[in-house]
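We call the chains A, B, C and D, going by the order they appear; numbering starts again at 1 in every chain.
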Amino acid sequence: MTDHLTRSPISIDALLAQVQSAERGGTCVFLGTVRREDDVTGIDYSAYDEMAISEIKRILDDAHARWAGARVMLQHRLGLVSLGEASIAIAAAAPHREEAFAACRYVIEEVKKRLPVWKKEIHADGTTTWVDPSGKPHRERLPQ
Amino acid sequence: MTDHLTRSPISIDALLAQVQSAERGGTCVFLGTVRREDDVTGIDYSAYDEMAISEIKRILDDAHARWAGARVMLQHRLGLVSLGEASIAIAAAAPHREEAFAACRYVIEEVKKRLPVWKKEIHADGTTTWVDPSGKPHRERLPQ
Amino acid sequence: MANVTVRFFARYAELTGRESAAIVVPGNSATVADVLECVRETIPGARDLPPRPLTAVNLQQVKPDARVRDGDEVALLPPLAGG
Amino acid sequence: MANVTVRFFARYAELTGRESAAIVVPGNSATVADVLECVRETIPGARDLPPRPLTAVNLQQVKPDARVRDGDEVALLPPLAGG
């Protein structure tokens, strides 16, 4: 069983192995990767680990209740994630593609709303910025 | 550059490498796999190769025109594909997840409508059935 | 008069026992429907093709009233099942 | 009276310079809002917390009027940024 939180690069194959089966003809995978923006060189992810794990289990349970034939797995990476690397991966397999897409989309939207995870942008000059997705990032830069 | 049609197992990593970049923070992958149904042991995929390749290029061009920041790749497997193996993979990367999901979904729906590819189900007893998604499969079984 | 290559795929190739045929359609304004008519008359097994199969000319899907020209490749496509 | 553990994360841990604190809230019907008030009064830097931060009790998000009981873990959560 893959951990929901990891400090290592995410393996898509490991996630797929946990959701795919011959009964499920459609699989939808979502990968969230660190995007180039201004002078950001990477993002340091941190979490309230115990709550994040509980919340992920609740989100997956919700998805399995809504789409009974679907199986969904999620892994979120913590620690420093460089530009272009994946911070999150979700794999949803279902008998048909509609449910696979819907379950995968549902899970990423709930993650954004519910997961106690935080991002600290690392800038080229070594300063850092906490990201507040509800508004603009706090531009007050704290020395690292 | 990955071929759009292949007779070997599909490599998701190879597809991802062609669409992901640090400018694209969201990636959506769709995998269509051969689903267990009755006594089907596998599906033999065939295509009008030249037209399928042209049609795939047109579909991807359409997707790139609709979602300007997105990059989408598609690979369809031909020949015998066993239960649980992928017959098609689509990878769509975009600056944000909404476009990645939309572009990926668009491409699989267009593939279903436009791609000159055919499926012959292989049954456990060696008989075969052409699949007609527009209605029921032709149950007249042809000896293999 | 137009010399066209007709291609058969999947179940249609099985029905006709062939993958292609050289067909000559008379007249100066032959259509895909005319080609189909010639195919039915000249190729054994082609009578079992559906009345209006999907068709393509030169790798693009077309309607039966599409014109064909000398050298065109006309394809008869069973119901599409890609993905 | 309730003994609770308060946990601080991300920017809030930086503001207060700590990851957790043992807080005693008076009364028999203390709420998360009461805990927050105690935190503000007793922990340096906690005055800079927003007026209504997201809060969780025992790993579940709650509103400020949620009751706290002896032994609860109360967490103050900066704006969520997962994914």
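What we mean here is this: a residue touches a chain if its C-beta (ideal position, glycine included) is under 8 Å from a C-beta of that chain, and two chains touch if they have at least 3 such contacts.
Note that the coordinates shown come from a computational prediction; the quantities given were computed from them, not determined experimentally.
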| item | value |
| --- | --- |
| Least step count from chain A to chain C, where 1 means the two chains touch | 2 |
| Far-end chain from chain A, centres as C-alpha averages | C |
| Intercentroid distance (Cα basis), chain D paired with chain A, Å | 26 |
| Inter-chain centre distance, chain B versus chain D - centres from mean C-alpha coordinates, in Å | 50 |
| Euclidean distance of C-alpha centroids - chain C vs chain D, Å | 74 |
| Two or more partner chains touched - positions in chain C | none |
| Set of chain B residues in contact with two or more other chains | 32, 108 |
| Chains grouped in pairs wherever the two touch, ordered by label | A-B, A-D, B-C |
| Chain D-facing residues of chain A, complex | 32, 46-48, 50-52, 54-55, 76, 87-88, 108, 111-120, 130-135, 138, 142 |
| Chain A residues within the chain B interface of the complex | 12-13, 16, 20-36, 83-84, 95, 97, 100-101, 104-105, 108 |
| Residues of chain D defined as touching chain A within the complex | 7, 9-11, 14, 56, 59-61, 75, 77-83 |
